[in-house]
Amino acid sequence: MIIIMSSSATTAQIARVVERVERDKLDVHISQGEERTIIGVVGDDRHIDRRQYIAYNGVEQVVPILKQYKLVSRVFQAANTTVDVGSATFGTDKIELIAGPGAIESEAQILNIAQTVKALGATVLQGGAFQARSSPYGFQGLGEQALKYLQSAGKEAGLATITAVNATAQVEMIADYVDMLQIGASNTQNYALLKAVGKLKTPVLLRRGKSIKIEELLMAAEYILAEGNPNVILCERGIRTFETYTNNTADINAIPLLKQLSHLPVLFDPSEATGQWNLVTPMALAAVAAGADGLMVQVHSDPQEALSDGAQSLKPDAFAELVTQVRAVAAAVSRQ
Amino acid sequence: MIIIMSSSATTAQIARVVERVERDKLDVHISQGEERTIIGVVGDDRHIDRRQYIAYNGVEQVVPILKQYKLVSRVFQAANTTVDVGSATFGTDKIELIAGPGAIESEAQILNIAQTVKALGATVLQGGAFQARSSPYGFQGLGEQALKYLQSAGKEAGLATITAVNATAQVEMIADYVDMLQIGASNTQNYALLKAVGKLKTPVLLRRGKSIKIEELLMAAEYILAEGNPNVILCERGIRTFETYTNNTADINAIPLLKQLSHLPVLFDPSEATGQWNLVTPMALAAVAAGADGLMVQVHSDPQEALSDGAQSLKPDAFAELVTQVRAVAAAVSRQ
Amino acid sequence: MIIIMSSSATTAQIARVVERVERDKLDVHISQGEERTIIGVVGDDRHIDRRQYIAYNGVEQVVPILKQYKLVSRVFQAANTTVDVGSATFGTDKIELIAGPGAIESEAQILNIAQTVKALGATVLQGGAFQARSSPYGFQGLGEQALKYLQSAGKEAGLATITAVNATAQVEMIADYVDMLQIGASNTQNYALLKAVGKLKTPVLLRRGKSIKIEELLMAAEYILAEGNPNVILCERGIRTFETYTNNTADINAIPLLKQLSHLPVLFDPSEATGQWNLVTPMALAAVAAGADGLMVQVHSDPQEALSDGAQSLKPDAFAELVTQVRAVAAAVSRQ
Amino acid sequence: MIIIMSSSATTAQIARVVERVERDKLDVHISQGEERTIIGVVGDDRHIDRRQYIAYNGVEQVVPILKQYKLVSRVFQAANTTVDVGSATFGTDKIELIAGPGAIESEAQILNIAQTVKALGATVLQGGAFQARSSPYGFQGLGEQALKYLQSAGKEAGLATITAVNATAQVEMIADYVDMLQIGASNTQNYALLKAVGKLKTPVLLRRGKSIKIEELLMAAEYILAEGNPNVILCERGIRTFETYTNNTADINAIPLLKQLSHLPVLFDPSEATGQWNLVTPMALAAVAAGADGLMVQVHSDPQEALSDGAQSLKPDAFAELVTQVRAVAAAVSRQ
């Protein structure tokens, strides 16, 4: 951390800051410029609140040097983390495919989709049981019954399973049914929930919320690792910007950047990131070309009758086409 | 809802959409233009997923006409809702002041601040017990012990109390200690939590998340009212934009707009909305001039030593100055 | 400027950066931490491109210390700049009012509005002659003829005049007709235009573009001052965010912030900043409460028939009401 | 256009709107719902200001149905436009590469880079002569002298040339030196400039500004086509969002979307869209996978010594690697 004092800072103000740094058990390195004093703070300052220093009179700016995250960083662990879920291994050269409907609607629906996506190369089956809907009048999901359908469809089709967990009280119950837990975009900074899934060893797919900075996503992952669960997979699914043509703006920059900054696997969800089924395939290809380790795609046998996310779901034949093209692009960038 | 078919939509496609509308128990009104067909949907369509219609072939655009929210709207209830909390009544001509530290640090600290802000005109005491921190290494709050300090400080100073609730499992426990529950900005769309506080009658202060649209904030409030709790107060605390000089961009437009769209009281938090103590007072005045029903201000006896939010906290004398100026502006816009 | 080397930077890489700093005629102050080397650069580095240093191998981050702007800053000039335009003086305790229609439509229209707003307290008359429209099929303005109408309406009503200049080729011609030049929001970073108006002494109202950071706005003003024209007035008119209920998000935070950072007068345009006439008055009051030096308001005798900006224009009686309320709030914050 | 009247609209208010529609020479189709009246407006309403209707009392919302753009749309012209520039043809199956430095620094520098990028497969040489810098103290470019260097380097290396034009007064002069004109991101809505380049037949590369919506970009292109110049190429170069890790957020969604909405060629600039050289190649691959017709890449022989954009420029060997990988991905999506 570097503390930049204002040009009008007094000696007493500088001294008070120095005293605080020392109280925080860090070393001080003072640089007296012509116009202003700069206080270099030496040592690992991740445990303190750097913004706090702005409260001191005479401080103009506080510049962090160490990243706040540690366990998730490439500096801490150079090699890629791999996460095993059923027959899938995330974080290797192979592009893993998670597919399934927005909402689980019936036993037949999820089984049908499971068999379809399995045949086309998916290794994990997704499906919503407790929907996070912006309207209280929207379809809220079939709840625990849906989890039973998901579990049996996964078994029958030979797919691992994933569903979203939205509340701390549900974590254990849901973890009993599925192979992988999803933290949805509205919960990326739900710290109570992050801590709860951090206490398990079940793999966690952590989705970036629509206004979450890359650094904040990594800090959210740090919460889970700090609790003891190393099996975290990051997922970009679009951010909120001024553009209204698409539901979200896919932040493809984030994919190679996250791969540089962290050792965790990085997925992309082209369904949520666009909101329109006819953009899903080109964006899936873009993500793979940019270095994503896998994709999470909404597939529905009959999107027009879907109870959720029909607008952004692919029909089976469109998903088959996506898989074919993804394989070609993956090969072009030396992946499988 | 109006469904705009593309210029190349076929008769069969139009028929399939009409069939679905009728299945959704709504009436159809077809308008055949030169270039395209427009399907007017008549009736209350709040219970259906309008975006779903985009999944139909031939549909170009779906335009909602009814707002999705109902219970919170001015159309549903023309008169202002008032919410009583201790000696405070939110939603009247009087500007109510909530004040207190970011985090409760000790029994003495919160009692000291309580007495200070009470003397200066605040009617509700705020303080964090379970901090929502972006870093797992940051101060996480004193937990239930802090609630005890808050409760006794409130009693001693004659102030009602408010603290944030972050997890469904904590709702009842926290409600036993305080007069008012706060849903923080990272939980505006934590639907499980909204439903949980909706089941009580305890007043709820619902803060707008940093990427939450005004319509989504109203939908979040709708969740609480739909569960049976009418005592909801909205709070603008800044949104996330490209501007980096300030922590957040205060969306003052939202204040008069929310007052037009809804009957619920609207507060403003100038501490979070700016992130800098020296902008707090001018922004507090701006909010009152624009029609806010009250303010929520971070006050700390010694911001330099605060364990949280020191950079944006006012010292007691600065808070005293804020109160004086707020009273002058309130009088200028015919408020107390 | 502080240059933070990565933890893996070699001695040779550090040496090459130091060599470059010295070539840039600045002094170096090296700080060797446990993990990494930090290079403090001492001296006025405004003439160099700080981002350039990121191109050097081993550099992780470059942190500016000096603001890039100088002439516009409070540090350079502590006292408020005042700008005289006709009977108006911007930058004093008096709230100055600029008012008029989005577009000048006819001689009678602009004269009528001029007399109305003059009677209600405005001191400067605005009106568009060359409209900046997003559609080539929209009304493009009456051009030079409109300038003649504006000039004569201003003279007849006793008001100074302002209009927007959009192209370098027009600067001198337009400056012959009006007392003040406006740089519109789509031209805040049109550097050729900024240089052209900088060569005159005519007062310039510089509007913040919808995606312009506060620092960039100040740099745009610096362009004008650096060319020799000190008569610059800044104007906040809303920024582009994810919120779609309003056309723009009024960044009221920017008003007290700009007053702290710069000695230039700061205005607010509540018409553009909201896009809705029924939010204009509360937002005008908010801006004055927050410290704005004046307002720029769209007024039209018959907004329904306006050729531009009807949705956000006030009728004369609504403008009269705005003026009354602005005076009350101004008095409450010790302004006129 | 559909005009939605508020539920409290009176018969007189509806009549006044209808009268206005008819005055605008459009037909009316009234739909009387239970709660409110909806006025369908039939006919081509691109020539009118739809937002104007909001100024009418009783109007709640105005919904456009026709897109405002026409000439640039796929509906108007189904086949891809191709634009010939020297040996390059934009808009075919071949991925065209524009490459060169941010700024032209000397005759030797631009010639050297020209020969390098030519050898690696580029067909157009870019280089800045009049830099658009946010600081007046930054390097402003060598001006007309740079154009001479660019022209002769292009001739010698056998490359077409492109440079940015920033002011109307320069359009003809610059067009004499280069094969293609670039409208930079700060000028996307500089309508005077758009009209000026629209009067020529020289190909125009129109870059999307950092806060320009996709629809606004298409409207900007419409300005050029409407003036008579059909040779327009669109270029995505990143938008401004809350994310600060990267200079801009590459909006890759925009690439397939623009290809659907318009017949114009679409390029991508991975240098500006990321701001970091180590993200340039993965993002170039992403854009090609998503359907871009070409790339515009900053290349410099010695980025550390570049006078502009060094941080985001590729060295020749990195550019060579980019070209190899781009060819592989292009082949995977059936392009050259």
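Note that the chains are named A, B, C and D in the order they appear, and that numbering of residues resets to 1 at the start of each chain.
Everything that follows uses one rule, which is that contacts are C-beta pairs under 8 Å (C-beta built on N, C-alpha and C of every residue); 3 or more make two chains touch, one makes a residue touch a chain.
Worth saying up front: this structure is predicted, and the values here are computed from it rather than measured.
Enquirer: Answer with same or different: of all residue numbers used at the interface between chain B and chain C, are over half used by both copies?
Expert: Mostly the same residues form this interface, as more than half of the numbers used are common to both chains.
Enquirer: Farthest chain from chain A, going by mean C-alpha coordinates, please.
Expert: C
Enquirer: With contacts counted as defined, which of the two, C-D or B-D, has more C-beta pairs across the interface?
Expert: It is C-D, judged by the count of C-beta pairs in contact.
Enquirer: Roughly how many whole angstrom separate the Cα centroids of chain C and chain D?
Expert: Measuring from centre to centre gives 26 Å for this pair.
Enquirer: Could you give the separation in Å between the centres of chain B and chain C, each centre being the mean of its C-alpha atoms?
Expert: 31
Enquirer: How many Å are there between the centre of chain B and the centre of chain D, using C-alpha atoms for each centre?
Expert: 38
Enquirer: In chain C, what residues contact two or more other chains?
Expert: Only 211, 240-242, 244 qualify.
Enquirer: Which of the residues in chain A end up touching chain D in this complex?
Expert: 211, 213-215, 239, 241-246, 249-257, 260, 273-274, 278-279, 282-283, 285-291, 325, 328-329, 331-333
Enquirer: Give every residue of chain C touching chain D within the complex, in rising order.
Expert: Listed in rising order, the residues of chain C that touch chain D are 16, 20, 46-47, 49, 51-52, 54-57, 68, 130, 132-139, 166-170, 186-187, 189-193, 209-211, 216, 219-220, 222-223, 226-227, 240, 276-277, 303-304, 306-308, 310-311, 313.
Enquirer: For a test of understanding, state which residues of chain A touch chain C in their complex under the given definition.
Expert: Within the complex, chain A touches chain C at residues 2, 4, 7, 29, 31, 33-36, 38, 40, 42-43, 61, 63, 65-66, 75, 211, 240-242, 244.
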